[in-house]
Each structure stands twice: as C-alpha cells, then as structure tokens.
Amino acid sequence: MNYKENRLDFERRERIGFVEAIWGEHKTPKQIIEILSKFEAAGQFALVTRVDLPKSEKILRRFKAAKYHQEACCISFGSHPKVDESRGKVIILSGGTSDLPVAAEAELALRVHGVQADTLFDVGVAGLHRVLNNLERIQKADIVIACAGMEGALPTVLGGLIPQPIIGVPVSVGYGVSSDGRVAMECMLASCAPGLMVVNIDNGYGAAMAALRIIRLKSKG
Amino acid sequence: MNYKENRLDFERRERIGFVEAIWGEHKTPKQIIEILSKFEAAGQFALVTRVDLPKSEKILRRFKAAKYHQEACCISFGSHPKVDESRGKVIILSGGTSDLPVAAEAELALRVHGVQADTLFDVGVAGLHRVLNNLERIQKADIVIACAGMEGALPTVLGGLIPQPIIGVPVSVGYGVSSDGRVAMECMLASCAPGLMVVNIDNGYGAAMAALRIIRLKSKG
Amino acid sequence: MNYKENRLDFERRERIGFVEAIWGEHKTPKQIIEILSKFEAAGQFALVTRVDLPKSEKILRRFKAAKYHQEACCISFGSHPKVDESRGKVIILSGGTSDLPVAAEAELALRVHGVQADTLFDVGVAGLHRVLNNLERIQKADIVIACAGMEGALPTVLGGLIPQPIIGVPVSVGYGVSSDGRVAMECMLASCAPGLMVVNIDNGYGAAMAALRIIRLKSKG
Amino acid sequence: MNYKENRLDFERRERIGFVEAIWGEHKTPKQIIEILSKFEAAGQFALVTRVDLPKSEKILRRFKAAKYHQEACCISFGSHPKVDESRGKVIILSGGTSDLPVAAEAELALRVHGVQADTLFDVGVAGLHRVLNNLERIQKADIVIACAGMEGALPTVLGGLIPQPIIGVPVSVGYGVSSDGRVAMECMLASCAPGLMVVNIDNGYGAAMAALRIIRLKSKG
Amino acid sequence: MNYKENRLDFERRERIGFVEAIWGEHKTPKQIIEILSKFEAAGQFALVTRVDLPKSEKILRRFKAAKYHQEACCISFGSHPKVDESRGKVIILSGGTSDLPVAAEAELALRVHGVQADTLFDVGVAGLHRVLNNLERIQKADIVIACAGMEGALPTVLGGLIPQPIIGVPVSVGYGVSSDGRVAMECMLASCAPGLMVVNIDNGYGAAMAALRIIRLKSKG
Amino acid sequence: MNYKENRLDFERRERIGFVEAIWGEHKTPKQIIEILSKFEAAGQFALVTRVDLPKSEKILRRFKAAKYHQEACCISFGSHPKVDESRGKVIILSGGTSDLPVAAEAELALRVHGVQADTLFDVGVAGLHRVLNNLERIQKADIVIACAGMEGALPTVLGGLIPQPIIGVPVSVGYGVSSDGRVAMECMLASCAPGLMVVNIDNGYGAAMAALRIIRLKSKG
Amino acid sequence: MNYKENRLDFERRERIGFVEAIWGEHKTPKQIIEILSKFEAAGQFALVTRVDLPKSEKILRRFKAAKYHQEACCISFGSHPKVDESRGKVIILSGGTSDLPVAAEAELALRVHGVQADTLFDVGVAGLHRVLNNLERIQKADIVIACAGMEGALPTVLGGLIPQPIIGVPVSVGYGVSSDGRVAMECMLASCAPGLMVVNIDNGYGAAMAALRIIRLKSKG
Amino acid sequence: MNYKENRLDFERRERIGFVEAIWGEHKTPKQIIEILSKFEAAGQFALVTRVDLPKSEKILRRFKAAKYHQEACCISFGSHPKVDESRGKVIILSGGTSDLPVAAEAELALRVHGVQADTLFDVGVAGLHRVLNNLERIQKADIVIACAGMEGALPTVLGGLIPQPIIGVPVSVGYGVSSDGRVAMECMLASCAPGLMVVNIDNGYGAAMAALRIIRLKSKG
C-alpha cells in the first residue's frame, strides 16, 4: 500500500467556504505533521481539532506558525481573517465547567472564520434565574449555540423564550443513563419547543459550521 | 391446568396500606368480572386500571357498584374513604391534552385512598411563563407529580425552583425518538436538578402510590 | 378533574413569532374541535398537524374556515399572511413518494408563515445525477430542507456541494434496520459533511420552524 | 474565551434548601481548587462528589477546612449542621461491598444536611433471610434508600413488605448484561411492587437529596 | 418456485426425543392443515403452538384427531404418551393471569411428552408470603419453571431459597420499560442468585423442552 | 458508616448446596483478604472468581491455604470434596483460545464441588467437522456447557444433534457488533433448536452452578 | 406542492443494469397505478415489491400486462429476458415456511433479470442433516443466498463448508429477542466463518441484486 | 484443564480455499508463538491479524519467517502465492487516514491469497468530486471494497454509479453517535442503493475473504 498517493484537497471545503479542518483525535503526531507540512507548502490556514496537550507539544515543536488553544483542544495553523462584527454575532451557552471544551471548540472555529462568538457560562435549566437574567444579552445575538450534557433541556427552555435560530450541541457529560451524551441529544431532538436544530454529540466544530452557514444569510439579506 | 386454584389475596397490598389494584390491560372482561366477583363477595374496594370504554361497558353491565372514570380509563368498585384535606395535598402537573389519561389515573388513585389531588393542565417548559405563573400554587402542595412526554424537561425545571418532593412520570407521547416515552424517562433520570424521583413510563398509578407512601410522613411528623 | 380549566395561550408561540400549531395525532376530533372553537372565538389562525382523512372530515363539518391539506395531513384554520418572496426562499428536497407527507408538512408550515417554499421530488443519493442536475436550482434557495429515509445520506452529499444552511429531516420510511427512521437520523448526525443540522424523525413542521428562525436573519441583515 | 467570567451562584441550590454540591468527576484538581476558593471567601459549606484519592490529596494540600471521605469518594468543605434525630431517619440498604461507594455517598450527603442516615450491608434478595431478619430495623426508618446492582430486585421485594417511601438506586456493578447498571435501573422502574421511586445509576447523592425533600414533610406535618 | 418440494422430516426432532412442534404464529390455517395432513398420513403426533381461537377453528373443522387447548393457544394432534409420575415432576410458577398462556404452553408441552407438570398461580415477589407459603410444595418438584413479566425477579428470589434447577421464562407483560419482556429477561440473566437458566421471552415450549432434557437424567441416575 | 458491621453469612449459599463464591472483580486485595480471613477463622472453603495475576499475588502472600488458578482467574481457598465420577459428568465446549478463561472458570467451579468436568477445545460451528468428530465423546456426558463468542451458534447446532441438557455461555469475544457478547447471548436465546438454556455473558461460574443443580437429579433418580 | 412535477427516471437503475423496482409497501394502489402508467407509456418492464393481495387486485384490474406473484408479494409488469442458464446459477436456501416470502422475492428478482435461481426449503441448522444431505446440490450453484430468521446461524455453518460467495438475508421471523430479525442480522455479521456478506432484514430483492452484481463476473472471466 | 490437548486444524479453512488466519487481538504473544510453532512445524503459511507493534516485536524475535505489516497491524508467516493479475482485481476505497488499518488489512489479506488489490485514499461522499474523478479507475476493478466510518454513505453513492459487486466495511471511526461504527454499518444495510453487501465493523479481513469467494467466479466463467 502506497500511502504517499494520498493528496490534499485544498479546494474541497473551501468551495463551500470553510477553512480546512483536520480531525486530530485518531491521528498520530507524525500524521498531523505530514498533513500540516502540505498546508505550509501551500500557504494555507488549517484548524486541527481534538488534540490533547502532549500531542500538541510534539506538533508545535515543528511549526512556528502553529498555536495551541488549550481550552478548545485545537491547533490553529497560519493566518486567518479578523473577526468582523458587522457579519453578525453568535452566542454560545455552556452549562458548566465540563462543557467547556465543546463550547471553546465552537467559539474558536467561528473566530478563525472571522465571525464574532462569545461564550456565556453556567447557564443551565436547574438554575433558571441564570437563564432569565441573561435573556436580554442572549437575545442580542443573531444565533444561539446551546451546549448541554445531562438531560440536555437548555435548548428546549430557550426555544420557548427567543425567536433566534438555536443550535443544540449535546455534550457527553454525566453518568449512568447520560454518560455518553445520547440522552441530551435525544432530549433536544424530542423537544416540544419548535424549530430547534441539533448536531452530533460533542460536535462544537459542527455547530460552528452550521452557524457559519446561517450567518451568511445576514449579509445576503 | 386448574385455573380455579387461583385465589385472591385481599391482605396482600393492604398490609402496606394500598387498596387492591387490578391491571386491566391484558385481561379479558370475563377475567376482570371473575376477579371483581371475589371482591364483591368479600365486600372489598377495588381499582381496575387501563380499561378502555368497550371493555368497561361489559363489566359495568354486571356490577352496580362499579363506576367507569373515562379520562383515567379506570373502574372503581365499591366504597372508599373520603378525601381528607388534613392529610396533605398532591398537585399533578400535565403538559397537554395527550398526558391526560396518565394524570387522571394518578389523581383517581390518590382520591380513592382519601388523599387530595388536583391536576394543573398545559404546564410545559416550552411555555415557561405558564410554569412561573403557577409557581405559587404549585408550592402550596406537599408533593408534586409532574407528567411529561416529548423531552420530559418539566421536572428538571421545577427541581431548581421548589423544595418539595417531585415525582416525574414520563409519558409515551411524541413521535420519532420520543414515541415510546423512553427519552422523557431518561431525561428525568439524567436531570441536573438534584433529588428528582422517577417511575415507569405512563405509570400514573405508581406515581400516586409513591406519593401515598410519602404523604404518610406528614401525619407521622 | 376539571378539564374545563384548560385555557388557551394565544400569546405563547406568537411571542416567538410562530402561528399556533396543534399536534392532532393523539387528539380526538372532539378535542380538536374544542380547541379550534377557542381560536374561532379569538379570531386567530391555527395549524393542526397529523390529522388523517376521516378525522379531518369530522372537523371540517363543524368549521367553514378550516381547510384540509391531504398531502400534508394538516388542517389550516383561518387566514394567514401571503407568501412574500422578498423574505427569502426555502427549497425542500424529497427522496421519493414515501417522504411526501413530511415534505408537504414542512412546505405548508412555511407558507402559512408567508415564506416561499418549494418541494423538489425524487432527489436521492442512489440516483446522484438527479442531485447534480438540480444543483443550480438548489443553490438559488436560501435554505435547504432535505428529507430522507432509508440510510439518510442526502444531506451529507449536499453538505459537500453547497454553502447554504441544510436542515436534515429523517423520515421513518424503510424496513429492517431503517424501519423507524433512526438510522437516517443518526446518519445525518454522524455526517462527515460539516455544519448539517438535524430535527426529529418525520418532523416536517419542526424543520419549517427552524427555517423560519433562520430566514428572519435575511431581513435583519 | 474568558473563563474568569464564570461566577458562583451561592443562592442557587440554597433557595431550595440544599448545600452546594460540586460534581468532581470531570474537573481537574485546579478547577476544583478555584471553585472551593470562592466558597472559602464566602464562608460557605461545599460538598465535592466523585473525587478519587490522588485528586483529593492535591486539593486537601491547599485547604485546611477540607476533609476527604474515602468510602464515599467525597470532599466536605467547611462546617455543616449537626445530625438532628428529631427530623427523621433514613436507612440505606446495600447489597454488597461493591455498592459501598454509592451507599456511602448517600449517607454523607444526608449527614451534611443534618439528617440521620445509617447503612445496612449485605442485604440482597438472593439471601432473603438477611432481608427478613432486618425487617424490623428497616421498618423503623422513615425512608428507605435501596442500592442494588446486578438484577436490582431488592426494592421490589421491599415494596411488598413495607409501607415507607422507597428510593431505588441502581448500581453499575455486574458483568455481561448488567455491567452498566441499566438492567438494575429498568428492573426497579418495571417493578410489580407499587410506588417505588428511582434515581439515576450510581446516584447516591441524588437519592439523598430526594430523601431530604421527603423528610421535610415530617417536620411540616 | 415449487413449494411442493418441501418434505417433512419426521425423524428430525425425534432423534433427540421430542415430538414435532409446529410454530403456528406466522402460518396460515391452510399451511398448518397441509403440514398436519402429512402427520396424519404418517400416523405421527404433533403439537402446534401459538394458534389463536379463530385459526384453531378452521383447523379443527378438518381434523377429528386435533384438540385445541385454549389457555395454551396450542393444538395437539394424535395420541401421545400418558403422564408417568415416576419420571419426575416439574412445577411451573406463574406471577398472574397475564402469564397464563406461557405457563399453560409449558405445562401442555411437558404433558404430551408424558412428564408430570403442574402450575402454581399468583406467585410473585411483590407478595413474598405467597412464595414462602408455597415453598414446601415447590421444593417437592424436581425442576422449577418460573414465568415472570414486569421486573422478572421471581427466579432470583427462588434461586436463594431452593437447590433445584430453575428455568426462568421472561414474559412480555408490562408497559413502559417492561412492555416487551426484555427487562424481565435481562433481570434473570443478571441475577445475583447462582445457577439460574433462562430461555427466550414467552418461550413456554422451550422451557418445557429444557426441563425434558434435564428430567431424563433422573431416569439415568 | 461503620463498615465493620458487615458480617459473613456462611450458611447462605450452603443452604442451597453451593460453596461460597466471592466475586473478586470490583474488590481490592485488602477487601478480599478481610473476607478470606473470616473463612479462615470459620474453617470454610471459598472460591474467589475474576482475580487477575497481580491481585492474586497480594492475596496469596497472606494465605498459605490459597491457590491461584491462572487460566480460570480464580483463587480456591481451603479444602474441598474430591471429584466423584459416579455423580455424573459435565463436558465443557470452548470455541477457541479466547473463550479459555470462561471455560476454565466453569470447570474449576464444578471440580471444587466434586463434580467431574472436562473441557474440549476448538469446537466451533465454522469448523463443523470438529463438532461432528467429537460427537460421540460429547454424547457420553450428562450435561453440556457450550461457551461461544462471536455469533454464538454452537449451542444451536448441538441442540439438533444431542438430547442432553445444554447450557449456553455467551462469551464477550469478538469485535464490531459482537464485541460485548450480546449477539452471542441473543443468538442462543433466539435459537431454533428447542430446549437450550442460557446464562449471563462470561458467566462460567453460573453455568457450573446450573449444571450442579441439574446433576443432583441423577443421584436422586 | 405540484406533485405532477415528479418525473420517472428510466435510465437510473438501468445504467447499472437493473430493471426498475418500485417499492410498493408505503404506496397506495393509486400511486402505483400512476407510476406503472409511465412504464406502460415507455414500454418498460417494472417489478413492484411488497404488494399484498388486496392491493394487487386493484392494480391488476387496470393493467393486462401485470402479473401478481403471491408467494413473493410482487407484481411483474411487461416482458423481461428469459432465464439463461449459461450465465450461472443461484441457489436460495430457506429455513422454513415463514421465510418463504423473502426467498420467493429473491428468486423472482433474479429470474426477471434472466438469471437461474432455485429455492431449497427447510434447510436449517437445528436439523443439520438436511444441510449436509443437500451439500452437493448447494455446491453446484455459483452463489448461495441463505435466508434465516431466529438465531440466523445457517450462513455461518455454510461458511465453513463451501467456498462460494454466501449472501445472508436475515428474516424478521421469531418472537422475544428475535422478533424483528435483528438478532439474525447481527449473528450473520458477527459470524466466525470468514467472508459472509449480509443485506438488510427481509431484503430478498437486495440479496438478488447483490447476486446479480456478482454473477456478471462469470461472463467477464 | 489440559491446554495441550488443543490441536491445530490445518485443513479447516483450506478446504474452503483460505489460508489460516489467527485473530491476534485477545491472544498473548506466548499463545501466538505456540500457534505459529505448529505452522512452522507443518510448513504452512499463516496470517495473524490485529497485532499491535509491541506484541509483534515479541513474536518476530522468535520467528525469522515472520513479517510485520504495520499499517495493517498483521503478521504474515511463511511463503504465499504471488499476486496473479489474471485472476481479477479488487479496489479498496478508504475515506481517510483513520480508515487506514482496516483498508490495509483487507489489501494484505487479498495479496497473500495471490489476488491483486489496490487502495485508493481520501474518497468520501462529503468530497464528491474525489469519487467522481476516480470513477473510471474504480470501474476498471472487478470488485469494490468500500471502507467508511462516520455516516458510512460511500457505498450508497457508489451503488448508484457502478454495476460491480460492492462490499461495504463500516469503520469504528467517529465520535458521539458514530463512535463505534454502528451507524456506518446500519447506514450501509439500510441503503437505498440496490445490491450492497456488508460485513462486520472494522472487518477488513472478512471483506477480503468475501471478495476472494467472488473473484473465483471469474476464473470459472
């Protein structure tokens, strides 16, 4: 098997307007370095997701243009557009410390595309006043990304309160029935609040790309 | 096989203080009539759950002392204690018309034990103001039974707002992922709100018996 | 239990900008007629979903202002805004005759909110040329709703071809492993195409409400 | 992302009468220390659950007011009310050595709220005489928390023997079909004994909070 | 396709000492009549399981040697050995009226093989005294077949009380989590009582054949 | 919590004729040593299952009377009855090297009860001639314990060939759909061969205890 | 929604060499008639699968060129190539009467493509001699399609005996754990016999198309 | 237990024309060395699958005739037939770096049987042009093995484009709903493209053996 045959496809995701993202979880540092070398040669920006600290250190040693974002467990490589507030604004809600990496991945993925994204912490349904107290701030955003583990009820509560697009991101935080995030995911899909949209469990990057597809409508309008 | 051997056990549930309940769903009218005849002979009260209208008609034709409760799909047979308000009060919350039979079964099962129980309709998390507007009334009850289908988030929201015992009853109402009530059940079990208790899907009777076990503490206090 | 207590909440969904939708599946014709009477009295528009033909006939006999949409299995009641093309355009893709009711429910739910929506039939991944031949037409829409049963791969293929928001609606069409739509749903959530959003199985109405939340950004832009 | 924004919400759970519990499982020692520092500053009591021995050592090095409860895998921080026997009594039943951490978490969580709680070991249905021999002792309690892994039949057997509130806690102990505690949980929910209540798998803390909600009725009575 | 090619295999199960059983559930009356005609021609005994009343009537009209056993939903055809008490004795325990068809199928399947089998009704774990009161009678049997729906805990309780072989038959009676008998089955497999054996849900015939395999050891001893 | 209260129950399983088995998997070496000390004091035999090599070494250092059986991952402690061939004979079939620990656990558990048990290796359905070549030897046993992972078809094939009691033990060996042994277990339960009995996944000890319950019939005969 | 827009795509499946198959299960007679009219106009052959008898009668009344195949529950419409034995031969194995419709669908689907296909009945693993007695006949075929419900072990046994391509078709026949065909499907996928291939549950048509893809290699050889 | 009894069965798989494959995953290096010694003594070729690097090193130290294939995680032992292009050609498609080991296992397993096999990388449905650009090359192969994780849609897309036999291999790559490869597997089984065949998750070896069964038809033709 000739692994060298493997060519990189810089036009691929760019055709639909996304920077190239490399899913780092199952790749060795060596494999990621090989891939980033091609981006280096082509002068392209790249985002590597799901990279833990030890793996990141091996990769950063090789590339000056690489930067590790510890909360998001991502490496950004090369230069990317500046955040342009006129394009619209995404707010990311996070239930607790445990949802942090997923929220941070979403925030970073939007920012490297030049879209303004902010995260609001400790917003969960068991402490409803935190949701209600922040409602005005939430309503100022164009799009809401709501990360939630356990029973995943946050997007449902929001869905009855605000008219914006809401993207639910189930998070694999919990134990017993909720340990793998599936309950949170199905809770969001089964919601009695109309018009919620859901992405895969822990898929902060996917939620960001969904928001990016949506925010472009604002400029078109 | 000699089916006649089958004897009734009037002391059984009474020993723990419950009237005898007969689960009518898989029984033929003939089987239910045979069982009720023994109650008649013994001068005992009985509650038959999960009886549909046609089945109830065949049974009521035979017994004068039987009464059909259409909303609860139950037959009560014989005389039972009057509701005694001093024993405490249970409030039953129901998300919508579709949860009605489950809520009604719980309400009836409490009343035939002499416990005051009232049902509050159309209280769901997607319309949060209905929950908040009724909060004072809910807080006046000793115990809350919260019926919810779809994503089943109602007990979670309540759990952060009130200190009473909350018994969640998942309801098999919905479609797609939520069609069999399992999502609602797991959502309640996975809840981030502390101290929720859950019974089987559609188990209005079970929630009532759980409330009955609890309400006795009040008299003991 | 006093069922009369049940009051209607006309402001509820309207606050977030949706017409009131009544889920007709588990309700009796009598229950639906009672609810619509309140809309009649209030001079409000209503949409009743999941109503089969025999049930619709009983309801239409009572109300002159009600109209049955057989393909969508919905009743619309009262007057609603006209479709305004300047607000944007949603295209709904349907894999085959069996997806029809879901696609039609989505189309109707958008039109009664005044949003232009058109359905394109027989677009499935096993006949890729149908997708590619219609690509230009699909790209002219602001939002794509892709209905798919069986393996549910249509949104994934689209996700690599177009930059618009894509809302996947899994459909409970198939047999064996795919009979309940769950495979299609998980396939959409697991997609390697970035930024897809998913709603509950057969939830054409939910997809429409998600699109409505998004399309408003265009006017805000 | 500005993690500093994260504020602590001391009133949150206290409003419903619970001390603040911090779920330690997915948090780093550094994150837990940061959170406890705020409690220290505010002079508040805290309970940190699911902390293993090595993690506890890093945290205890920093705080004098912290104490590690090895069997319960919890840290208590600060001072809490003394156990007041007049408030009522909870008995916790545990099937075997493997259920110990769950039972111990429940016992500790009740004691830091001032409620008397005792654990009775090696009580399982396969050794029925142990259950029957202890029946008198069990009946003296106001509330029973029954922890059980494997097939989880203990609460069912108790449910036919005693009239008290019974809270079943499924435990993730076993192998093959029962390895994750789901069989025990579903067995408790499906029980033919009326009025059992169930919490999430391994949720000793949740069972304690449920008991706390209930025991307050005694004082109100 | 030439369906006539289908030949009957009278030696098949007889080689292992079982009378031929025909699973009637998915077969038309016509198909069953065709099969029984071959047994008639060969002068063989047959047992047809899972035949409802209307289907049985069509079949009995054609064969004089056929007899319908309504409780067991079975047809016996031809002559079979008499029950021989010296071969040993099987006791079948049944939790309630709803388990009846499964228990009756097991009893009949043993009797047509000449093995003594009796059924004991209303023996369930929520009414433990019924189990304990009948313990002496149960212990006199060589083998126990325990049918149980809901949480299926009966075999577990027995397993700690008696040394005989215990065959658990999960029954698809219940609702919510237990509706299809799977919880009962997994509860039996996960049991903490050592040495229980389990057959498929509702498989009264299979439990009987398992008992038949075992009872032969007695004669061999 | 006073862990010292925990007393050992030597009569428990002995009442039903089993030596006491301690499930070692979730216990620390210290906990196992504490338990064995009580057996030592009482002069009782014990079997500790699911003990890995490092754990066993810590335990054996303390007890002279303990012996580690590496293939079976068990510790036997004290003296037990000699194998008595006149009591009957059990044959254990194992599909391959990976099923070894389960088969060895069953063999040891029978031998410490004085029952003859032998294991036959590499008997699987994909190599049918190995089954057929050994058929005579298999038929000489009184009971067959058939261990099988992957698709678990071995008991089914045997069920059509021999009249003895067959106890299927599903083994958690495989990958993809069969990785946790559930497919093998359900395959055995769903078998078209009549009269198979099944125990929990990897439950070699349970299969042995089931065989022990059965083999006693031979002596009674 | 303009349903008329829906055009038929005669080139679609023909490009890959298949006649057009219409899945009749969820379509009304009217919808099938509309579709067949287009085939009639185009002079094309069509195969309609999953049509029950009453539905078929409504369709046959309209078309002279339609023929109903009752065992296969299919309608063939128009003329198709004659069976050409030189192209190779497929043998279809069926475990029992209940697998008949699936086997018959596969046989018909091959014959309308001109491929010889024969079905062999009552070949199941619990009666191994039937498999072994027919081995020579099975080995003469180029491809084996093995239909099996219950535990689905037939393809595994064959896989160790013959070198031909084996396509397993799980059948939704059984009860309890095997009622929906999923156990049979997973058993085939998990098989220890190397090189089995599996299609969806009850997918006789799919197995035939897989065989058709393979048989073409013979002509190419 | 006498482990020495275990004999090797060189004729077994060879009778159906496969080299002997040893599944290395759950075996110790010592166990594999013992098995390979028998192959060495018999002068036979063997393929050991699922061997990681450290395990391989221990084994290679002992055998000169052993070779480790790191990408495929396999050891080949002894000499095997040369690749013979006239026998036909298999093309293996792989979606990304993470599918590599599965694709490499399939390629190696075919080559040691003398069949030409080549792997084409980075072919996935989200980058449809890569599929379309390589279509001509794919169509030149006799058989296509399509490896895919995530949503597993690649075989479906190919199924509508090419007439060759397509063997889908689901890969356990992904996260959330797709983490264990089950979604990819069910997506392939549920596919709307006719005639796809599926093997177990990650079963590269099985796909190769299926292709080997098929490719022989070419020589027979």
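We just call them A, B, C, D, E, F, G and H in the order they show up, numbering each chain from 1.
FYI, a residue touches a chain if its C-beta (ideal position, glycine included) is under 8 Å from a C-beta of that chain, and two chains touch if they have at least 3 such contacts.
Everything numeric here is computed off the predicted structure, so don't read it as measured data.
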| item | value |
| --- | --- |
| Candidate from D-E, E-F or F-H with the same interface as G-H, over half of contact pairs in common | E-F |
| Centroid spacing, where centroids are CA-atom means, of subunit C and subunit E in whole angstrom | 49 |
| Centre distance in Å when subunit B and subunit E are each reduced to the mean of their C-alpha atoms | 35 |
| Centre-of-Cα separation between subunit E and subunit A, whole angstrom | 56 |
| Residue numbers of subunit E (touch at least two other chains) | 12, 127, 159-161, 176-178, 185, 189-191, 194, 200-201 |
| Pairs of chains in contact (touch as defined earlier), listed by label | A-B, A-C, A-D, A-H, B-C, B-D, B-E, C-G, C-H, D-E, D-F, E-F, E-G, F-G, F-H, G-H |
| Subunit D - residues contacting subunit F, complex | 71-72, 97-98, 100, 103-104, 107, 119-122, 127, 129-130, 173, 175-178 |
| Residue ranges of subunit G touching subunit C (in the complex, touch as defined) | 1, 3, 5-7, 9, 12, 23, 25-27, 31, 35, 50, 170, 172, 181-182, 185, 200-203 |
| Residue ranges of subunit E touching subunit D (in the complex, touch as defined) | 95, 124-128, 150-153, 156-157, 159-161, 174, 176-178, 183-184, 186-194 |
| Subunit A-facing residues of subunit C, complex | 12-13, 16-18, 21, 88, 142-143, 159-167, 185, 189-191, 194-201, 205-206, 208-221 |
